[in-house]
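As written, the chains take the letters A, B and C, and residue 1 is the first residue of each chain.
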Amino acid sequence: MIDLAGLSPAALVASLMVAATPIMLAAIGELVVEKSGVLNLGVEGMMIIGAVCGFVAAVETGSPVVGLCAAIAGGMLLALIFAVLTQVLLSNQVATGLALTLFGLGLAAMMGQSYAGIKPPPTPRLDVPVLSDLPGLGPILFSHDGVLYLSIAVVFGVWLFLRQSRAGLVLRATGENHDAAHALGYKVVRIRIAAILFGGAMAGLGGAYLSLIRVPQWTEGMTAGAGWIALAIVVFAAWKPWRILIGAYLFGGVTMLQLNLQAIGVGIGVAYLSMAPYIVTILVLVIMSADRRRASLNAPACLGRAFHAST
Amino acid sequence: MTTLLDVRGMTKAYPGVLACDGIAFDIREGEIHALLGENGAGKSTLVKMIYGLVRPDSGEMRLGGTLFAPPEPRAALADGVAMVFQHFSLFEALTVAENIALGMDDPPNAATLVKRIRDVSTSYGLAVDPDRIVGDLSAGERQRVEIVRCLLQSPRILIMDEPTSVLTPQEVALLFRTLKTLAAEGTSILYISHKLEEIRILCDRATILRNGQVVATCIPAGETARSLAAMMVGSGLAVPEKHRAKPGETLLEISGLSMRSMSPFGTRLKDITFSLRAGEVLGIAGVAGNGQDELLLALSGEERSPPGTIMLASRDVGPLGPSARRYLGLLAAPEQRLGHAAAPDMSLSENALITAAVRRRLVRRGWSGLIDWPATDRYAHEVITAFDVRTPGVTNAAKSLSGGNLQKFVIGREILQDPRVLVVNQPTWGVDAAAAAAIRIALIELAEQGTGVLVISQDLDELMEISDSFSVIAGGRLTAPQPTRGATVEDIGLLMGSTGASDAAA
Amino acid sequence: MLRLEPRPEPSRRMLALTPFAAVLLTMLAGGFLFASLGTNPLDAIRVFFWDPLFDSTVASYTRPQLLVKAAPLIIIALGLSFGFRAGIWNIGAEGQFIMGAIVGGSAGLAVYPAEGVWVFPMMVAAGALGGLLWAMIPAILKIRFNANEILVSLMLVYVAFNILAGLVTGRLRDPDGFNWPESRNFQAYPSAHNAELFAGTGVHVGVIVMAVLVLLCHLVLRNHIFGFHVRLAGQSRQAARFAGINPHVLTALCLGLSGAFAGLAGLFELAGPAGKLSTNFPLGYGFTAIIVAFLGRLHPIGILLAGLLMALTYIGGELAQFMLNVPAAAVQVFQGMLLFFLLAVDFLVNYRIRVRLRPPEDTGAAPGTETRGDTVNGPGPGKSGEEPA
């Protein structure tokens, strides 16, 4: 029999929110990118660059805030390469995204090699006044670091932006039909570059959340596919921001459950339990994609297609 | 009337082609001015320069007396020049109101916008529902959305690029009424078309372009269609000799074919029934987006259909794929040339192989599956010679050919395979007049040799010219075929309207 | 003012020249990178690209390594190239490489210590099958449920790695070892050992298979209808359907083929240079092969050259690590940069740069675009204009 008593639900919920945050940040960034009609498969690369930049900057300055800013800058810098290649030089988006990931993994390993095993400066918790003192729910929901709240705010902000603002409407229009957007005088390339940079910033921040807050440590390849899972969550969410929240928390839950099961020892090998998040990702993709018509209705119509003004 | 837009010496060159060569003309206030010319005459390039999409190499424009050189469409719009595109610049997944808001510089809030859309649509008879998703609208409705979008900007000049090509004759009449109201209120309209009759009915003056130059300016009401055509084309064209059909045995029999479309905003085919006999040319008329593409996919075998719905010479081909159908003699040429009928970056030889592999035995038999490239080259060459395809050779990429030449290649590739039944969709869309005539003649000759030919086309004149009988597709339904002889364009138009094009997206 | 202008035809000359330009640019940027690390860039370039082949002290050891490292990269890249051409993106070759090694290795261990000429061929077959079956998972999920093969195949890399980790601490652990998490060493099992065939050359059976596959793939791509279908599907899905190609069959063939090739490479690596299964077994060949495939222009001969070059960077990287104290990850950075530069210069194949003296950008259309629908998607090594889903 599995001893489930070892699992405390309160701790599990609190920790799943932490586990979900990096993926949520990266996924909401990628959602904006894809809404503009661009498929950036380099999320994993941007995340790990964010993780290493944030870690190095935080250790060197002793300030986690500087670290987080450096992570955002690092993610955006890598995203800029992608933007120039795909939007200006019209390279294939799939290949360029892959290149971004391969390059990012290598560069991060090189940058971080002398930082392994160091502890970063701690990021202070942000107890929400009054609410964090609530019995039961308080410590679970309202006693986290600021980035976690920020990530939820970003999801809400993106939802508001896409639904209510004119800029959001233009962004969606660009992703639906770039030729028409161009004919109406919108700067397709500029809009897309901006979206790609936002995606890079969010992925970088998500990466730094891993290395500075969640783990907190730097190890080579520490994102371990989180960027790819973020891409899958965008599909899961059917390109709707609030569903990113659900998707990320679902994966956070699976991850934490799996880790907790490992901790209490359920008689399944550690290696096999570690597969769980990846297998769940595959299952979710299968379920969400099965209805081809619906899947193609949800996806931005120009997703992944190169735009050149001479059409 | 005072001159509103004065265009002088507009020139634009592209590698190898002088698209516009010193074009000069003027538009007066409240005038409906036609820009007439065949495909490739430079009409589109010219209006793109007026609308700020293309920058001229030289020349200047004056709008209301002041120099007008829009660097981008936004600037043109701000100066009062609006354009309704031939291929609508709409966003299918967005609502009508969102689409209209995107076309405005400074849109009001949602509620006000909806009210203004309703106001404009009632005062000009342009029925549109602001809350509907554009992807669900028919072509006519979409055009109304575009026009409303332009009108909300209170333009001084409204450019209409081939507006009637997607409309039923009844919708055309409605559009003309709207345009005349607008002109009477003082809005100038630049009306681009190659359809002579409608220009004679609608336009006050016409500027005629040929090979990038202005060849004449006239008052179309004082001209005949024939004289306008002579100015537009310059030289006489071969007109296909219409043959008298001696229909043979039934080759293709479609009964009760119903299929849902695989594309999100496609049209569902509903109970399609007709038959095609040897030597017969059957025309299918209809406004774009009413099931033509889906019908072609069903007939070519790209979409499989239920058993018993498609019989080729009494043999059930419904469950068979394209290759098996080709083997049995059912060939097709889809509407979209690049990317469907032909692969853009592949050579003409390789493009010949796409459909001719089976019937011309271009792949060695048995298990080896090796391609006979010399034979493939020979076949491509045969097509090029027989159909006068202008290209340096069989190794050139398909995308390097002009629209007309590529279409001749695509149709020729099927005809030289000696089909029993040939299905073509929009065979002369966007093709220059000479190539169009050659294609029509080839289709008629093919029928005379005993092939059953099915021509799906939006061009009613074309169908009147070459088909023995016709039916109309609307909303995924097909009317019963009737003989072309004695029918008029208006008869077909009535059929197109009555079948209910509004449920096109069901 | 510079602007891109589409070429009427893709330039064959640029297609062949741009990879070399990319290599040169990478060397240049790599030089800067090394300079920033405090290494003399010229030294670094020499150690990376010259010494492994020609230095009198190390070349006798490093030269054979070239083929040892290149063979798996080339075999995997050959398999991937078909899918990449057709727009079917298997990026989980690393997982198929691992599963090929696990299945093929298990087959060998199952009959241990039986000797016989049949042992090794059986392992090879099992290895290819293992990779093939692993690749059929994304294929089936794509065909049946429309699940994105990029994400599924990649997720399966992590799953495969965890299976490997589970097995080497479990059922496949060497019973005669000291409880290390690793399998028996195949180098000590004569019938299963993929040994060097000619001393001092690095040539093992895998290298010979690689050479045969290069020629075979070349033939298929050029003269076989399957190769034609692959190329056609990459240009346009719709044209491919029109030609009578069943997209499901093509997906299964491309993924299956690349999986089988990766599995083969995994087995050859396991039974030869690596020797045993452990969590250190995967070296990232499955990912580097993606770069090899693109750098080789998805063309078999190009892949052969690109594979050799990439193997050189591995060996040169090890040498640089040892001689110049350059970090190990520099190789990966180098390889990533190579792909970036290739993609960056790639536009020259389909576009040409036009210098305009007048500043404002032009958004004009070429004449003849009055026809509709004649739009062409962007360029790229895969030539796969991704079609809207």
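Here is the rule we go by: a contact is a pair of C-beta atoms (placed from the backbone, for glycine too) under 8 Å apart; a residue touches a chain by one contact, two chains touch by 3 or more.
Note that this is a predicted model, so its numbers are computed, not measured.
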| item | value |
| --- | --- |
| Which of B-C and A-C has more C-beta pairs touching across its chains | A-C |
| Farthest chain (mean CA position) relative to subunit C | B |
| CA centroid of subunit B to CA centroid of subunit C, Å | 44 |
| Length of the line joining the C-alpha centres of subunit A and subunit C, rounded to whole Å | 27 |
| Multi-partner residues of subunit C (at least 2 other chains) | 5, 363-366, 369, 375 |
| For subunit A, residues that touch 2 or more chains besides their own | 179, 292, 296, 301 |
| Per-residue overlap in subunit B, given as positions that touch at least 2 other chains | 53, 72 |
| Interfacial residue positions of subunit B with respect to subunit A in the complex | 52-53, 72-74, 77, 85, 88-94, 98, 101-103, 107, 262-264 |
| Of all residues in subunit C, those that touch subunit B in their complex | 5, 8-10, 223-226, 228, 231-232, 235-236, 238-239, 241-244, 246, 358, 360, 362-376, 383 |
| In the complex, subunit B residues that touch subunit C | 12, 14-15, 17, 19, 39-40, 42-45, 48, 53-55, 71-72, 86-87, 300-302, 321-324, 326, 332, 334-346, 350, 353-355, 357-358, 363, 369-371, 373, 396-397, 399-400, 402-403, 429-431 |
| Subunit A-touching residues of subunit C, taken from the complex the two chains share | 4-6, 89, 91, 141, 145-148, 150-152, 154-159, 162-163, 165-166, 169-170, 287-288, 290-291, 294, 327-337, 339-340, 343-344, 346-347, 350-351, 361, 363-366, 369, 375, 377-382, 384-389 |
| Complex contacts: residues of subunit A adjacent to subunit B | 166, 169-170, 172-173, 176-177, 179-181, 183-186, 292-293, 296-297, 300-301 |
